[in-house]
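Here the structure comes first, spelled out in structure tokens, and everything after it is commentary.
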Amino acid sequence: MTALQPPPLAPLLALRGLRKSHASQVVLRDITLDVPEHDCLVLVGASGSGKSTLLRCINLLDEVDDGEIVFAGRDIADPRINPDSVRGQIGMVFQAYNLFPHMTVLENIVLAPVRVFGRERAEAEAAARQMLDRVGLLDKAGRKPDQLSGGQQQRVAIARALVNQPRLMLFDEVTSALDPELVLEVLSLLRDLKNDGMTMLVATHEMGFARRVADRVCLLSRGAIAECAPPEAFFDAPQSEAAKHFLGAIRGAGRV
Amino acid sequence: MTALQPPPLAPLLALRGLRKSHASQVVLRDITLDVPEHDCLVLVGASGSGKSTLLRCINLLDEVDDGEIVFAGRDIADPRINPDSVRGQIGMVFQAYNLFPHMTVLENIVLAPVRVFGRERAEAEAAARQMLDRVGLLDKAGRKPDQLSGGQQQRVAIARALVNQPRLMLFDEVTSALDPELVLEVLSLLRDLKNDGMTMLVATHEMGFARRVADRVCLLSRGAIAECAPPEAFFDAPQSEAAKHFLGAIRGAGRV
Amino acid sequence: ASSAPAAPSAAPAAAADLSACKPGDMPTHTPGVLTIATDDPAYAPWFVGNDPANGQGFESAVAYAVAQQMGYPADKVKWVKVPFNAAVSPAPKAFDFDINQFSISAERQKVVDFSTPYYAATQVVVGLQGGALKDVKAVADLTGAKLGAQVGTTSLIALRNGIKPSSPPAVFDTNDLAVAALKAGQVDGIVVDLPTAFYMTGSDQLGGKGLIVGQIPSGAAASGDSADDPFGLLLEKGSAMTPCVSQAVDALRAAGTLDKLAGRWLTQQGAPIL
Amino acid sequence: MTSDAPQDSWQPSKRAQERTAWRRARARRSALVAGVSTLAVIAILVALVLATPGWPLVRDSFFDWRYGLQVLPDIARGLMVNVAIMLGCGAVIVVLGLLIAWCRTLPGAVFFPLRALAAAYTDLFRGLPLILLLLLLGFGVPGLRLAWLPSSGLFWGCVALVLTYSAYVAEVFRAGIESVHPSQRAAARSLGLSHSLTMRCVVVPQAARRVMPPLLNDLVSLQKDSGLISVLGVTYDAVLQARIASAESFNLTPYVVAGLLFVLLTIPMTRLTDWLARRQGWTAAGGAL
Amino acid sequence: MTSDAPQDSWQPSKRAQERTAWRRARARRSALVAGVSTLAVIAILVALVLATPGWPLVRDSFFDWRYGLQVLPDIARGLMVNVAIMLGCGAVIVVLGLLIAWCRTLPGAVFFPLRALAAAYTDLFRGLPLILLLLLLGFGVPGLRLAWLPSSGLFWGCVALVLTYSAYVAEVFRAGIESVHPSQRAAARSLGLSHSLTMRCVVVPQAARRVMPPLLNDLVSLQKDSGLISVLGVTYDAVLQARIASAESFNLTPYVVAGLLFVLLTIPMTRLTDWLARRQGWTAAGGAL
């Protein structure tokens, strides 16, 4: 799959020496990472290794202690940057979905297009309905999030992030609440997105997913990048100790 | 695995013609199901098929419209039953974890032992720490849930439910936020539990998990039980149309 | 302006059996002591220095005189502070009588007893020197002015009925607030009883800039049954002491004591009649 | 991808019918028990009161219905004043309170001064007794005799009410805003919404519903306190009307009349806001657990 | 299973230091701008006021510090009364309010009567003006002349305060309780906690922190209203002391003194509850987003 794409010139997103700590605990240490345009980079790692934190930092939801986050040529970690202009171009799906409970599914989705991007409501709703149809929830458009199952909420969160047509998507455990069939659907959705030119950073525990969609797989271990490689190389010929250990554990779990 | 156990006499949990609707939507229809003591029954099904709702009904968190829930010989769907006495014997892990954000991890876990079962605080804390150690979070005992990663929260929720030593455990997507290594750990935890005589009802999208732990796998489809069979039979020789379709989709997703 | 009214007819209980009035030995609230109440703060010129027990000020002096008359010398008098609402409420009263410029009316006598009147005040308008009322010569000149008075007083009734202002009068909780409003220019004038008016203009309460515009003609103040504003001592409804207190007031009036005290403590003359 | 269970022609089983009947019967019984015992308690209290030696005097003082009816028109007219002030000031208060709460919840070190100012405002005006503000503004400011300042006592009275109550309402809103989980804010910001859009579209709507009852508290209490403007001698609110009437007659019935009118007025307000709050969002009272 | 990143000997890079410096500078600049502009506004206002023709009179009326100092001890003594009543009644009010809120949030049809009673209580006592309750209880009840009933005006005044304020506080707590997501209740019940244990251990603690600011609103306002008991003629609170002092001197400075004392008293209360609320749970004000 990667072979079909021409090698990208400048990465859309480049992390340089990123560091983030919570109180006394260092969560991310010296993260350096490139995500070329149109690429799909999958982050794997043990629970608590810092995947969600990394995605939050890229979306400027957490302030980093040190390092650069170069997005489309600009260092967005700089406090002089207006984060809103950046976030509008980056979509994020949260591990806990974070839907707005006081809005219906449709309102959740059209909020940003109408308020931030100034699209016509009718047009935004049409786009939202199309997104909902793609994730199989058109009939739930008028529901409140609390009236949806876990998987349904997750799909709404995906639709909400995608409807903004961001340049970079951050997915945090995007398929954790989905049944296998839906995983397939979301997977093909992501593939479509990639073909449409979307750049993606996906944190996941689904190794099958990593194998099938990733251009590169990066292993996060104790807050640092242990290894980054194309999926074949990562899964079949891991170089680092951490990756070998991780993959060994996965094989034991029968997950690859 | 099932062959090693003597065939159970009376089921610990028996559902008879259960029905549940939300407003105008029927979520569960005519569910009839037996869970023998010491068995592990795995519920699979598409997102929105009603798995979480079924678990909530069994734990009397939702009132059923019709049908019986016979637990340990008593019909607990009867409104004359005191639900608290029942819930104390049934543990539940929620899909969204539902930890108490104002309490530390340790306080979350010792709440029920101390308040409901009247155990000594010191003794309860010792038991809680032991549980935390089992799920690898002993060092996080003093943290608030908001300071934990998704997988850490899920493990705390598991520990909180298990420390009560219930007779029946209901797990809703118990491994969704866990990395493969942890899945393995939780899986072995569940197996230990089973060996200790625990009865379990597990809703999951992890087919590997279903295959390895289940005594029986039941497919929920559009609110009804489509098929119930031992895992080998369910995965390798499905009978119902719904199961065939479901498994076909899963194979496509490369999840089995 | 009149001081002590001539006839004690305003108090119907006056004709009751007086044989129970044994000097110095009456069914008082605290046996052997006469408990007299007034409000806190107690205003000049009726009291001086917010201390009713010093015998200074008209009402303090009247109270001691009445007590003396009833056989209670000054050392057998105890003062208590009772707010207006408590004095008029149906709760058991913690005093034998209350002296605080209570105007006698039939309506009020349904809930409390009054002695015969010990003083009758006329109502006057007070403004500021150089203020909006400086050229007022007749009641008719006042109808367009912004006037105010204290709630629950005959002043307010006189303002309403005697002047018939074109805009509703400003109503204040206390005369202090009425004065503050006058000073702040929120009202053109306030209606008070004559002694109070003299006190206001004589003290530095109005910064020496007060002006007594004139009396509201008696009769113009008519509120139902009373022509002017007779003050009575207030007692608990059905109190056994009412006739005795009235008897004492009557005796003081007859002896000219009330007039003498009024002359000593109250300035009563000198306001033009409008 | 998935779809819900289709509608069916379900008939409740006999067991379900029996359960429903049992639940209904129990609810009926509890309503009956509560109703009867409440009535009994009230009846006993009333009987006790009626039998007391002081009752006739108390009745004449507080429950003289003939007199009450007579003063009713005046007091009702006074109530209109309360309502008018409440509505006029209420709107300003809610907007101002929200603004202050907003300032207090602005993020980052840069906004510290604004937060501090907002906190100082709240501290000052919540702490000051309303009566002082009324006197200071109602008498003090016109006393400065500045031609270009409004000198209407009503105006300054309303300003005093607005200052005091906006401080209260700001605290109510702040509590509401802080009760919205930060993950909601994170989600909104991640969609590109600015801080102020996040507040307007996501945080405040969720907060607003949660703060309805305490907000209504403040409006109800504003409605009653609006009468305090009458210390400035500018309005005849219901309580002042009652005071005038009762001071004239030494009869406290007018207060009772005013009190009942206030209660009658607040009940529909309460029901309305409860309904508004409940229409959207989850609700707990009377829920299943 | 997993473990966190180990501590390291990190030194902020030059870039990080430069960023921190820039953030600090900006925060300092905004503090400076805000400070200077606030001071300027205050200075201009003060200058304007001082230049008015009415200022000398207003100053003598409201800001006669010599006289203020003279009446300070009396007013401070009055404030002790306010505080004592606030503390005494406050405790009862919080407990009673919580109880009523609890009743209003009991689940199921069986508890409908209790919910309705609690709602009626709130409607009635929140709607009634405090002054009416004070008069009715303070004068009406002793007026019944029942020997076995307490006849102390202070007692009945406190009862009136408790009735009124518990209705307010109940609404505040109700809002807090209903703002806790039902999934929290579900989790607690699934652990076997009874409804009341769930309330006590899970719902109310979360609610309590969220309702701190509006609750403090009510306590502050209770502290001020506690002075209203003095209409019964039983206490000398700060405002009554101010009234007495100002009647003696025709000077409104005592009100200003009382007001300042009230403010000084509420500020530490505010800081304390804010700190309590912030100590646990998430917090929004000044957060990152």
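Letters A, B, C, D and E mark the chains as written, and numbering starts fresh at 1 in each.
By our rule, a residue touches a chain if its C-beta (ideal position, glycine included) is under 8 Å from a C-beta of that chain, and two chains touch if they have at least 3 such contacts.
This one's a predicted model, so the numbers in the text were calculated from it and none came from an experiment.
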Common touching chains of chain D and chain A: B, E
Intersection of contact partners for chain C and chain E: D
Far-end chain from chain A, centres as C-alpha averages: C
Length of the line joining the C-alpha centres of chain D and chain E, rounded to whole Å: 15
Averaged-CA centre spacing for the pair chain B and chain A, given as whole angstrom: 29
Euclidean distance of C-alpha centroids - chain B vs chain C, Å: 83
Chain centre separation (chain B, chain D; CA means) in Å: 45
Contacts with two or more other chains, residues of chain D listed in rising order: 1-4, 23, 26, 54, 57-58, 61-62, 135, 139-140, 143, 145, 186, 189, 252, 282, 288-289
Multi-partner residues of chain B (each touching 2 or more other chains): 46-49, 61, 96, 179, 181-182
Junction residues of chain C - those touching two or more other chains: 85, 89-90, 92, 180, 183
In contact (per the touch rule at the top): chain pairs: A-B, A-D, A-E, B-D, B-E, C-D, C-E, D-E
Touch list for chain C against partner chain E, complex: 40-41, 43, 49-50, 81-83, 85-86, 89-92, 174, 176, 179-180, 183, 203-205, 207
Contact footprint of chain A on chain D as seen in their complex: 1-4, 183-184, 186-194, 197, 201-202, 205-206, 209, 280-282
Touch list for chain E against partner chain A, complex: 1-8, 10, 12-13, 15-16, 19, 22-23, 26, 288-289
List of chain C residues in touch with chain D within their complex: 84-85, 88-90, 92, 105, 107-108, 110-112, 148, 151-152, 156-157, 168, 170-173, 177-178, 180-181, 183-187, 237
In the complex with chain C, residue positions of chain E that touch it: 57, 60-61, 135, 138-140, 142-143, 145, 151, 153, 230-233, 240, 243-244, 246-248, 250, 252
